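Each of the next two complexes has chain A plus one other chain: chain B in the first, chain C in the second.
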Partner chain A sequence: MVRRAALADVLGGAAAFAVLAAVPLLIGGKAAPDFVIRCAAYGLFATSLNLLVGYGGMISFGHGMFFGLGAYAFGLLMQRTALSIPAAFALTILIAAAVATVIGAICVRLKEIYFAFVTLAFQMLIHSLIISWVGLTGGDQGLRGGIPRPVFLGVDLANRIQLYLACGAALVIGLVLMHRIVASQFGYTLRMTRDNAERAGYLGVDVVRVRLIAFVLAAVFACVGGVVMSLFVSGAYPDFADWTVSGDGMFINMLGGINVFLGPMLGTVILLLLNDTVTRLTEHDGIVLGVVILFFAIGLRKGLLDFVLDRIAERRATAVASPERG
Partner chain B sequence: MATTSRSAIGRRAALAALGAGATALAAPRIVRAQDKVVRIGMPTILSGRVAQLGNSSRNAVLMEVERINAAGGLAGRRIEMVIRDSKGQPQEAARIARELINTEGCDLLLDGEASSGGFAVNEVARDLGVLCVHTNSETSSLTADPKLRLPNAFRVCRQGVHDSIVGGSYAAGVAKAKGLKRWATCAPDYAYGRDTTAQYVEYLKHFMPDVEIITQAWPKLFQPDYTENITKLLQAKPQALYTCLWAGDLTAFVDQASIYALLSQMELFAVNMADYTTLTAVKHLPPGIHSGNRYIKTFPKTPQNAAWADAYRARYKEYPTTWSWQNSAAMHFFEAAAKRANSVDGKKLAEVLPGLTVEVPFGTDGTITMRGEDHTIINYAIGWGTTIPTEPYVPDMHPGDWKQIVELEAEWKKANHYT
Partner chain C sequence: MLELQHLCKSFGGVRATNDVSLTFADGSLSAIIGPNGAGKSTLFNLLTGALRPDSGRILLDGRDLVGLTRGAIVRRGIGRAFQVASIFPSLTVEETMRAAVAADRRRHFLLHRRFPLAETREKAESVLDMLGLADQRHRRAATLSHGDQKLLDVALALVLDPKVLLLDEPTAGMGPEERWQMIERVHDLWQRQRMTVVFIEHDMDIVFKIAPHIVVLCYGRVLAAGTPDAIRADEAVIAAYLGTAVDTDTGTATAAA
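Up next, the complex of A and B:
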């Protein structure tokens, strides 16, 4: 059963990648690949945030720190060492995991609002560190001079199509892995700690350990999102680690929905489409985005995908119940 | 009948064609300008705390575009600007810059971003190979550092190191005359504040080695209350204070410092004071503040500069800013380069821009030159003076010596391993 589900995920991922790979051929121009690369960065980040918020019940206001950490660690490794891209990528993930373990060990013991604000405090700390450590990070000017992209295994990320395919692959692999995590025993244990941590504890679950693992895994995928963004802009900037990125992650989850795995991905597409179209039309895009968020928060009271699936479920229930009533 | 009719129409058509042909021959540039356009993409900051400066950049550009188009356009092509708001976010600046080229079909980039946004757009220019003119990024390394400098990117903007050299030279002159040896600094606590202060102090000490920095205050960027910094400065009792606070932060600091009578106890050197947006925002502008010029219509004191500022003010009901003159000058460089290259092709423009001198109201002698070796401008109006509470606000600006600026800048580049 588990193997079949895993196979379905892999096949679904392969199909999704095939569709992504066809995008540049089907849609002319360079805008669509750029859009997909940004979707990959924010989609990985927002879905990883949903591991915490939706599946773990841990509302993190500071998840953006790992997005920024990924961008900076990868950028610095590529600029200052002779590492290949895969080696720098792997080392970036290790760095993010190590930092997340330390921060998570403190945060996951806290409940609700305390967890939220301590994660925010750590984000502010990392952001301040980036701003202050000018010699390493470039301070508020960011990492300048571009990120070198030496060819590895015949892959040239300086080529825009190859970069697009690599980012698409990172997105699909990331989503498949995260879906396997939430569908695994660990994923269900995580949900149990979300719904009733005390009961999970009585059943022998090490709640802190489960939450810490979820925190580290979410950090790793957020960091991959940061790597993708750093490749897109060929640099890293303090804004990547600012609280506004965490805010964007929250907005995306609110827009797309947190109860369905692909909700944050849909939310990412909505937010970026809104941003890209609204900023073309007006400089007061914040007002428009605010109204949209209010519509989702007060009007639908849930994300779009949650809303749609709930309505479908309601209709099915009505259809089943109707003959009995008749 | 039918034949006559056809013949009459044919004559009219022939006459019309002849007329059109004659018009085209008589004014080919105008016809081409109407038919063809050159699209210039401009990412800048149009929302948030820096929106006023971004808007003043856009205003200046649109004023120049109208003038250039009325004169026949760039190499016969009418300019069409596509201006977008980056919200001051570098990732948005990069996205917009890419979109302007890839989707909007822009031929050239006019980068109206500041700070990190400018570096993000520079990387897009590196990636796409498009001609890019930076207009608002003052960080010297953008063009000084050979790792950052691009053959297809130019900067039409004042530079931090130039301001520091002129500021240090002017301050040393005042300090020698008044015996100001005990100095303090107060700057926003981020890279710009720290770098600019360090560089200013370096050149102050270069010109007057016995100066001593007795205290330094580092308020946060956009800090609303400066009480703790002001009391710290008052307790240290320096003879002079240098600050590179800017815009709303500087006006808030000056207003609050006035309450504590700080300005009567020390000489204030505020590099970013002499810009109309700041000068007019201070409730009671104290006399005698030493400031570098950002943009003042009386410096250089020429009819052309005053006329340009007045035209801007008549059109937009406010005075231009330092970002305005830089963007206006950038359009002059586009115009002159297109004329020399007789083309709007980015590569051809990049070939003629190095070493190009344009006549603009903002040059020390009415001209500004694009230095060939590092693609940045020199000879723009740069100086220091003291404020008075009413217009012209800084009546007597002491111009910097460009020979001295260039010499010391070369030493600075060498010390930073840029040459």
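Up next, the complex of A and C:
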């Protein structure tokens, strides 16, 4: 059973990657691949946020800091050191994990609302650090001059198609890994702490440690999203670390749904599509997005994928019930 | 053997537990009774590490438990079920059990595998069978009946193979018929598992019928402890708590004796 579930994830991931790889062949032009790369960056970020929000019950308003941290750390390592891309990528992940361990150790002990606000405070701290440390980060101009992309292992990320495939691979591998985590023993321990932390404590679960591990894991995947973004735009900007990124992550989760693993991925596609179409039509894109969010929050009262699956479950339940009645 | 020595716990000026000394022999079945506010739940909270006593000792097989965390006390062998079923609403019965077993075996940080050990599965299955929850295994805990939620709570305590099982009002909120079913399960469990069981109960019929050992608490103190016959005959208990309530057929006979 165990092996079969893992195998299903790997096969599903391979199929998804094959579909992504076919996109540039089937649809000409740059728009579609660019859209997919942005989906990869935001999708990794939003899904990692859902590890905290959906599976851990930890509402973080500062998760975007790890997205920004990933983009800046990777960009700086590539600009200022002679590291290869894989080495810089690995080091970026280590940096994000280290920062998340420190911030998480402070935050995960706090109750809901305090957790939300203290994570937000750390995000603002990191954002203002990026703005004010001009010598290192370029301040509000961001990391300019492009991010060098030396060839590694025959892969040339300066080539558009290869960059596209690499970002697609990062998305698929990231999602498969996160799905394994969610289905793992740890994933269920995390759900226990979300549902009833007190009872989990009575089972000998160290709740703080479980939450800290989840916080660090989520930060790592958010940081990978940031790396994808920095490769895509060949730079890093303070906006990547702004609290609005965290807000977007929340929107995405509300749009797509938090009770299904792929909910945030669907939400990412919806939000980016909305963003792209609405900003083309009107300057008041904020109003349109606000209305859409209100529709999901008040109308459906859940994300789209949650809504659809709940309806299917309901229908199945009535289908089972009615023959008995008849 | 579970031994409480001069346990005290105050909240503000209220002595919720006042110099309580009690002994629960291995394999015994004891009921704790007492009016509301007698300190029954407080006693359980002290025994499980949810509260720290102001003074006194709690010895399990001679080792002091005072000051240990809830998790450490669980690992020493004191399991607990709650007055209001304390479960994981969104997990299915089976997921709940396996996750709990894995937590007990300290396998709960595994990232790469789901419920890895066959032993984990067997343990979870055996507890579900024992409590008659096996056919509910794919239901979410939140959708179970009240009684089954209480059973699942007990199952969570049993997963850890406790030496001592503390049940805080196992029949709370149940109808008469359901109560007896529940208490029969508890009794059956006690006989088969040979563990020490201590339960809090308000229904005197149940208490006097199944508990060989009864502890009466009142205002944080131990008013009496002993066999049902001794408790029925105890003048302090009758005066303070039972009143004429046990003057039923068996009650009158022993009181007169």
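Quick note on the criterion: the second predicted complex is superposed on the first by the 326 of 326 C-alpha atoms of A that agree within 3 Å, B and C clash if a C-alpha of one lies under 4 Å from a C-alpha of the other, contacts with A are read in each partner's own complex, and residues count from 1 in each chain.
Rule of thumb we're sticking to: a residue touches a chain if its C-beta (ideal position, glycine included) is under 8 Å from a C-beta of that chain, and two chains touch if they have at least 3 such contacts.
What you are looking at is a predicted structure, and each value in this text was computed from that prediction instead of being measured.
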Which superposed partner A:L300 touches (first chain B, second chain C, both, neither): neither
Which of chain B and chain C A:S184 touches, first, second, both or neither: second
Which of chain B and chain C A:A16 touches, first, second, both or neither: neither
Partner chain in contact with A:E198 - chain B first, chain C second, else both or neither: second
First, second, both or neither for A:G235, with chain B first and chain C second: first
Touched partner set for A:G145, first chain B, second chain C, both or neither: first
Touching partner for A:R280 - first (chain B), second (chain C), both, neither: first
Chain B to chain A touching residues, read off their complex: 46-47, 51, 84-85, 87, 89-92, 94-96, 98-99, 102-103, 115-116, 119-120, 122-124, 126-127, 139, 141, 145, 147-148, 190-192, 194-195
Contact footprint of chain C on chain A as seen in their complex: 2, 5, 180-181, 183-189, 191-192, 194-196, 198-206, 209-210, 213
Sites on chain A touched by chain B in the complex: 29-31, 34, 38, 131, 134, 138-142, 144-146, 160, 229, 232-235, 237-240, 276, 279-280, 283-286
Touch list for chain C against partner chain A, complex: 48, 70-72, 74-75, 80, 82, 86-91, 95, 98-100, 102-104, 106-116, 156, 159-160
